[in-house]
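Shared chain: chain A. Partners: chain B in the first complex, chain C in the second.
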Partner chain A sequence: MATNMNRRHLLRLGAFAAIGVTTGGALTACGDGDSGGDGVAELSMWTFLDPAGTDPRGKALKEIVDGFNASQSAAKVTVTSMNYAKIDGEVIRAANTGGGPDIVNIYTPQLAQHVEGGSIQEIDEYANDWLSEAGADYLFPIDSAKVDGKLMALPWESRVWLLWYRKDILDKYKVSAPTTLDEAIAAGAAIRKASGNKITGFAIGLSEQSLGADFMEKFDPFTAGFGGEIIGADGKAAFASAAGEQAMALIKKAADAGAMGREVLTMGADEVVNGVKAGTVAMAIEGSYRVASARSAEGVGDNLVTLPVPSTTAGKNMPTAVAGQTLAMGANTDHPEQVWAFMRYYLSAESQAKFAAAGVLPVLKSVYDSDAIAKAANATELLQWRDYLATDGKVSRFPADYSELSTNLVKAAQNMIFNGAAVPAALSEVQTQYNQKGK
Partner chain B sequence: MTADATRVKRPARLRQAGIYAGLVAGAVFAVFPLLWGLSTSFKPEATVLATPVRWIPEHFTFDNYHAVLFDSQIPRNLLNSVIVSIITVAVTLLIAVPAAYSAARYRFRGKGGLLFFILMTSMVPGIAVLVPLYYLAVKLSVYDTFFVMIVIYAAWQVPTIIWILRGFFESIPADIEEAGRVDGTTTFGAFVRLILPLAKPGIGAAAIITFVYVWNDYLIASTFVSDSDLRLISVGLYTYLTQYGTVWGQLTAAVMVTLLPMIIAFVLFERRLVAGLSAGASKG
Partner chain C sequence: MTVTAPPPVRAAPPEAPPRPRKGRRRYGPVGLYVPALVLVALVSVIPIAWAVRLSLYRTRGLRTVEFVGWDNFATVLGPDGWGDIARTFAYVVISLVVAVPLGLGLAVLLNKPVRYIRAFRVVILLPWVVSQTVAALLWKWLLNGQYGPLHSLFGGREPLADPIGSMAALILVNVWISYPLATILCLAALQTVPQETVEASRVDGCSPTQSFYRIVVPTIRSTLLILVIMLTLLYFNMVTLVYTLTGGGPFSGTQVLSLDAFLQSFQFFKIGVGAAYSVVLFALNIVFGIAYIRVLRGSSDS
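Presenting the complex of A and B:
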């Protein structure tokens, strides 16, 4: 049957559909829960930590936020937890439509991206007085949180990259703890060979996942260790230098010597750390912030030993990147004074001690003298990390398009290390491409 | 049995055994990660990556499930997903059922072009319109609400469902409605009282397709909601992929909890889903 549809039928069906949509809309128009009217500034904070979860850092955050909310009546902070890989895009998108958080947690390499995206505002106006009083307590120069000379955030967490090794694995294969990077590579090669290639002796993740972060976390300090830099003072890429070539040659040496095989092409930092936990990676260079998690795995514990990353010369360390989590002020906040009050509270010695007790490396020198550090099971190690950071910490420049650069560099590294591409030429190609794009 | 018959039967049996072997291999391939996830969900976090690998946990624990059910937002995320999925299904069907019926039964100018246009809209990749939709959501003050997700999901699903149901309505003999009219019922009455009951398998299948789409979506759910109290389960699961590493035990426990409603829905509606899809396919 085919019927000619007349106007009456059309109207009836249209009305039917409209009622449906309206009913659905009415049923679901819920969820926007912004209250107000009592003079309290409602501040939203977006961070990767989850105050509702079981992670000790999330619990420390909850304590700090609750403490701030109870300490005064002018503002109330509400935390929204987001996946660490999604938060930057979400904040920038929200800010560009006039919204976004009042307070946002940003990892230092992403700061420039936020500045370019217009999602945060400079805080010099608020921070200058405070910094003149308390700034000397910072463990490292606050320059890592400056973009174009303007302070964009307050660092609240430190991290250092360390040489990790599994003592039990080294002992099993009768290999001594390395004192130089060359020794680490030789030891890694011996372990990989003796294990029938089942254990990666010395792993540097070369996967493009996470934008090649695991590779860059080595290439950058290695380059600095040989006297070069990734991004120069003029904002241009400068890694195609003698120092960059030496750094790349060192990483390539680990593969050529047999300390790591093609398995590292599918590894990012997560996979390398999982390998250390599972005993399939004997040595690696990873962040201090992951040590507690790795040690909690069965059979790891004290078998995981950390050291400042040695250089190729005995008794001398490689530099370590100065990076960490920061707190920034949202571009569209209506309550900058209250946001600043919260940031100061977040950076107080008490709050830092709470984070320290949760395994976070504090940014303030004075906190290292606190009970939170003294009572830590790895107090000696924490102080060693602090000293490494204070002595060999190196502030890098992270341009807004750093993630694109790091992805291109890790692709080039894959070719140089495993596919025989010439080191100077491949580095020059990535550098030229990057610098031409930036013209 | 003759020798010829035995000869014919042997290849048939071999073929059948091959088919079963293929099906079992396919099923094992599909179920393997789920079983591994189930096993991991009962392991303490410290032993998740321990070697040698164990299928049966050495230390059996419910801690991961306890953390997921009582110390996380997962139950809330699950409830949100159920609410949004059910309302989206209702809205989608409310629009698509009459539209599909009209497309199947009525002749009007530009019908072919209109149907093609409707189908075309479902081919636009979500990511292509995400930014303008986001902008609109913020400007209309519906960002961070269930409403915006339901509207977008329904808008995305209506074209597909119209096409599925159109084929289904066409497979129902028009004589039934004509008989109803002879007995004095109106066109609307015939649609509601005679056609809808017959279309139940098709509508059920459409409902499940829409439900599964919403349940599994990440793009819309992660873009239009930032409030953790309004988050859907697909986004909630990402909580366990942290900067300090993946919390495998709790993640797999959360996945198991999340899978449960879908498994129940499929077990309950499997026959209807298959009947609905095959009926639509034979005529569509």
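Presenting the complex of A and C:
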């Protein structure tokens, strides 16, 4: 009898639990809708910037989001910050399970991967009118945000890659500032030798970590500088060319001359920048977006000098890649109109000026004429970067499998630079492998 | 007159408890473990079956596009793949060979009644509370050839810039974060070994070493087996440490299967190829698990 009672109890409890779970699920589902009861669309934005962090760009983001939320009553944006190495995977996974953010920050080379992953949607429908009015104000062609001819995102940040050098280190070793890449390599070799290999004279990160990004950020513009390209107009790899070989030979020369040693095999962009901050790297080619952060390190400040990357010929610059951060519309958003309104707000002159004050290179030409830029502490430098981008900016193609290609290329580069693998053969092997996979 | 005696009244047999109905008797116990089976199916069996299915497809993003049969396994078991498998074995086996005896040795020491034993236990078990990411970043700094505190030990060379040095460093850090688990399990097992048996062996003329190998080790054999299985699974499937410490390099010197599975799935978004790597890893885990259990059974029988 007691057993039966218990069993009944159990069954009853199970039934209640099932009802509870179902009801709870339904209630949760109701609450999960991203429209508040007051008709305000709740928009989620996923980005690598942290509004609560110390990065000046995160603080600018917070001001912009607060400004947008206060400016209207139709939508409210909430920011979720994620590590930049994880955000793309998280967004694609979330979108494929029917969720994901309404607004997502994407770095240009990752755009095609997001399109293939189905995590974002095209915005031509919303952007065409705005672009016909404001598009000419873009500093560079907006093509970098198009995939298969469709506009997938709005670039809000641009960046240039610059020659960085620590003036105090060059002075210490009595080396003058370089005017060509060959001089930079020679100066780097002299510093490394004089420091007993404690200082890397000229660093290019060759680690596979971060998908070989630091290497690709040099190999791509160097190849362009010699008249070639990584991915051709037909979507096939085209770096196993005379230009690609010259670019690789130039990087190899830095190692052969002694400007960098095997320590660069453990370096990605973060390690190179940390080395510049710590004084263990004298020269490097790094992005404009990292300058403010590097200068804020103890003992760096104005000792960090930046120049457009010189070519191997005096008086000429290497091209710089046109890449940067963009805002895209999540594939599963229920509020595309409000998302577009936020994207426009993000691209307004006021928002761009806020980012400029945080050391970000604005994408709109008109912003450079604003008071905010004129009053910026690094106004001269910002204008110099803008001119470099306008003159020598080069739009590259970033296919969906760019991450895999860059990882394979940096592995090949390690062998070419430090293991004596023949440059033409190694480049051809990676190119053939890539093009065969793409068939 | 004949008196007929009434038939003796037989005591009524005690009332038998109601027999459960046949169906209830058969399915009742089954019903009790159905929830557990459903749970295991949800968190284990279905994902594994799904991974096997994915491994047979070409994928785009996270969606299956086309059935390709064993094509994805051709990548895993191709010329580069065998190198990765060999490195995975080296990484797992060497780590085990170092971590298990180290853990056992430390457990024996920590089992001794000495002063400040609690303090020693805390210090020795400390690496266990360090996350793999923190451990990787810590050792990256320690081993940095330019400013790392240990760089002078390597004559200014950077272990992480060399494929063999990099694998050695990876194994070192792996052992560093996992030996406390071995130590704890061995210590717990050692405390169950009857002291009288050990003492009896000593009275019978065993040396301390003989007592250890002939009495203590056989007594804790099942714990050692569980430890070896746990560590093997842990090492085969380890991604975070490898990804953060070496990223698989340099010269692919630390490219192991678990890292391949992660990179293909979540960096290159070739989830089909990533699933193929995972299936191979799963098979290796099963093979090793069965092999260990057979070894244990074999030694129990003998």
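Just so we're on the same page, the second predicted complex is superposed on the first by the 404 of 439 C-alpha atoms of A that agree within 3 Å, B and C clash if a C-alpha of one lies under 4 Å from a C-alpha of the other, contacts with A are read in each partner's own complex, and residues count from 1 in each chain.
We adopt the following convention: a residue touches a chain if its C-beta (ideal position, glycine included) is under 8 Å from a C-beta of that chain, and two chains touch if they have at least 3 such contacts.
If you're wondering where the values come from, they're calculated on a predicted model, not measured in any experiment.
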Inquiry  = Taking the superposition on A as described, I'd like to know which of chain B and chain C A:403 touches: first, second, both or neither.
reply    = second
Key: Which superposed partner A:263 touches (first chain B, second chain C, both, neither)   = second
Message = Is A:113 touching anything from chain B or chain C once the two structures are fitted on A? First, second, both or neither.
response = second
Ask   = Which holds for A:293: it touches chain B only (first), chain C only (second), both, or neither?
value = first
Message = For A:137, using the defined touch cut-off, is the partner it touches chain B, chain C, both, or neither? Pick first, second, both or neither.
response = neither
Query = Touch check for A:197: first (chain B), second (chain C), both, or neither?
reply = second
Note = Winner on chain A touched-residue count between chain B and chain C: chain B
Message = According to the stated criteria, A:381 is in contact with first (chain B), second (chain C), both, or neither; which is it?
response = neither
Task = Have a look at where A:94 lands relative to chain B and chain C in the superposition and call it first, second, both or neither.
result = first
Ask   = Given the touch rule stated above, what does A:415 touch, chain B (first), chain C (second), both, or neither?
value = second
Ask   = So which positions on chain A get touched by both chain B and chain C?
value = 93, 278, 280
Request  = Would you pull the chain C residues touching chain A in the complex into a rising list?
outcome  = 60-63, 140, 144-147, 156-158, 160-162, 243, 246-252, 263, 266-270
Request  = Within their complex, state which residues of chain B touch chain A.
outcome  = 44-51, 67, 71-73, 83-84, 87, 90-91, 94-95, 98-99, 102, 105-108, 131, 134-135, 138-139, 141-147, 150-151, 154, 174-175, 177-178, 187-188, 222-223, 225-230, 235, 238-239, 241-247, 250
Key: Residues of chain A that touch chain B when the two form their complex   = 1-5, 9, 12-13, 16-17, 20-21, 23-25, 27-33, 46, 48, 50, 52-55, 57, 80-86, 90, 93-94, 97-99, 270, 273-274, 277-280, 289-290, 293, 296-299
Ask   = Touching chain C in the complex: which residues of chain A?
value = 89, 92-93, 96, 113, 116-119, 197-200, 206-211, 261-263, 265-266, 275, 278, 280, 400-401, 403-404, 407, 411, 414-415, 419
